[in-house]
Amino acid sequence: MKFDRKDILGIKDLSVDEINVILETAESFLEISTREIKKVPTLRGKTIINLFFEASTRTRTSFEIAGKRLSADTINISASTSSVVKGETLIDTARNLEAMNPDVIVIRHSAAGAPHLLATLVKQAIINAGDGAHEHPTQALLDMMTIKEKKGKLAGLKVAIVGDIAHSRVARSNIYGLAKMGAEVVLAGPATMLPRDIEQMGVKSYTKLEDAICDADVVMMLRIQLERQKQNIFPSLREYSQHYCLNTRNIKLARPDAIVMHPGPINRGVEISPDIADDPAYSVILDQVNKGVAVRMALLYLLTGGNE
Amino acid sequence: MKFDRKDILGIKDLSVDEINVILETAESFLEISTREIKKVPTLRGKTIINLFFEASTRTRTSFEIAGKRLSADTINISASTSSVVKGETLIDTARNLEAMNPDVIVIRHSAAGAPHLLATLVKQAIINAGDGAHEHPTQALLDMMTIKEKKGKLAGLKVAIVGDIAHSRVARSNIYGLAKMGAEVVLAGPATMLPRDIEQMGVKSYTKLEDAICDADVVMMLRIQLERQKQNIFPSLREYSQHYCLNTRNIKLARPDAIVMHPGPINRGVEISPDIADDPAYSVILDQVNKGVAVRMALLYLLTGGNE
Amino acid sequence: MKFDRKDILGIKDLSVDEINVILETAESFLEISTREIKKVPTLRGKTIINLFFEASTRTRTSFEIAGKRLSADTINISASTSSVVKGETLIDTARNLEAMNPDVIVIRHSAAGAPHLLATLVKQAIINAGDGAHEHPTQALLDMMTIKEKKGKLAGLKVAIVGDIAHSRVARSNIYGLAKMGAEVVLAGPATMLPRDIEQMGVKSYTKLEDAICDADVVMMLRIQLERQKQNIFPSLREYSQHYCLNTRNIKLARPDAIVMHPGPINRGVEISPDIADDPAYSVILDQVNKGVAVRMALLYLLTGGNE
């Protein structure tokens, strides 16, 4: 199948076929990162700009490694050292970058829709690396890739997503993706963290963790975003963790072969207990990170005309 | 012509022949950035250090892309994460970098003359990427390249530069360069923004925008540096823009085929109205950015002995 | 000799044979940085992560240049723009990086022992680029390389280290290394800057500079860390420099062919007078920086199985 998208803005827009092409391409790239010489010349002479308006280690590093392993030139721009300080608009920043002839612009921005705006304005491929509480498509793709590897399939699985659903771009992208691929998604979180229109997305939601993870094949714990949380939407961290921390006791409600996921960074003891996070029988958290590089390699490859 | 300069510190020092060599070399490099594989091996094994003591997106990115497209290794150092925090002198920083055998050091610094000081102390090629309110030679070179492309020549053109002339390194470098190349430069700005000794530079200056842009072939609008402006040299932004904002009305005073330039980042509605900035009939602002990569490639090439 | 260490965490752990292998490898790499094309394909396809939790110009730049000259891909992560902002533990950061299959992680951290912790947890090679007041092994290696080049040997030399010994990882690593290699190390500093257990390290210590540098072959001045010093362990900078600043007068107590070293950044006039720092007859400070690139190239090479 020819992959003829210009941009990757969200999972909502992608077809099942497109998701399958991305996951298959990523699987074929997985092996490169295990070689003695972890580099192929595929994107030599291509320029990839990582334009990050929010702090990030793993996502920016993952994109940078993905680009370099494909021999692309990678340029990092972080908001704190950039013209943004001087008050330039996002659109002008993007158009200026466009004029330097990059091939792909990877953008993370606190405003939902920022990558979509860019995509309509510049001719380069745009990859959304997280936009506000909206979408984080590469995270959902690496999550689906991880589940598929561990479970052999996506269709028919029960996936529980637990935490601050309302503010989570990871949850949103995964809900879109997993539903498309035939998985059953159920949610759990405090009522203040569940979006009001959530039932319209075709998923069940619960206020009790136990109700959601019961018989789940996959338990995906979300990060409580301590640094963003100023609105007091839950009484206290201690109370949150009493009700929503995944631990050795409540994990027993899930299927015995359930896997546990987390997009990171982990707040140990808040949303996940250390013994679960580090238990190789359950945790696939580092598999997710590992798949992230392959998924980003696949997207960089496909968006620069790789499989034409 | 052999190009045997060690450094590019300012336009004031360059001869007409040297400017022509740089512009012609840049023109020959322009095409590389439009290729499928945007990379040539010319500077393989050369090390270029971008030493930025002031925030920058476009200039730093432009130099980094220029270096990478020539296959050089590029190293970014920004003041906020560097030894400058520890109080090291600029001279010691430079000598330490010199000891690591780079080939070119690109420096931006808030102090006028900083690159010149470096150039006398270290054996490597120094490129001034902006020093205080003094010079910004690569900006003037890309401006001249853009004008030459759009107008076919520099000599005989009337170029109006409007804004905070006194604090603008862009204005200063362009005044030197355009005058050398035979263009007529006229200036406009509030009296507080016009240098006192400006007539000695051989240019006319006006306090009314309209007087300067009348019959101009090129209108170059400068950025009001909001982040630097603490001295209240103009009453208010609103008043400034009432008198000095280029808009669809006053642009009609210029020649019908006039081009509009701006070094960016733009303050939309302050020094330039959005409809002029985005009007393809007038605005060559993104052409300037595009030429910037080629000019910097040319300088990196020439200073590392490219045309010997 | 096969070099089969996984990590370089400190000089204390290294054998004399290992130090010799590193220094000899570094000597063979020194020439690469003087070539027209300063790049060899040795580490092509290897990924090196510079994970810096403290500000640094020279050390980070030195590692980055070392990696690039060996054709490795280098990734910089500085704490201020990373997940550390989000409160992730060092261990989780490291494990996440591990999952992206780098080959070497270079870490600088304010906590003594941080690199050692990482080394036990991740399978990649760890290089300590400075951990708190504990060790800075690459600095000691480049110092030993410099001394060996200038003096032809290490054994039998008298090396005086002067300054804030108690808070200096540079001093600690050099004391271990120089003692192993057969040099005589003597220390000087205010009593508040001398570790209490210092005699157990087998070195003599003095509170007078003059007593330590008398007949020294090498005088190594430490940096007063102005930015860390909030505990008032010395009355004033002026008083410190009156007693402990190396100058044209007291240097005469050392051997006539003594060399003067400093790990940088220098506080001119505090611990070393400018005329000594800049005197080519004494100062080898920039030689140290130059050797730093070669030492780091050697370590990157050896830790990725270079000499197997």
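Here are some notes:
A, B and C label the chains in the order they appear, each numbered from 1.
We take it that a residue touches a chain if its C-beta (ideal position, glycine included) is under 8 Å from a C-beta of that chain, and two chains touch if they have at least 3 such contacts.
Source: prediction; values computed, not measured.
Fitting chain B to chain C on CA positions gives a rotation angle of 120°, reported to the nearest 5.
Two copies of one sequence, chain A and chain B, touch each other mainly through non-matching residues, since under half of the numbers at the interface are common to both. With centres defined as mean CA coordinates, chain B is found 39 Å away from chain A.
Looking at chain B, one finds that residues 80 touch two or more other chains. Across the complex, chain C is touched by residues 33-39, 52, 55-58, 61-62, 64-65, 68-69, 78, 80, 225-227, 264-268, 286-287, 289-290, 292-293 of chain A. For chain B in complex with chain C, the residues that touch the partner chain are 44-47, 49, 73, 75, 77, 80-89, 92-93, 95-102.
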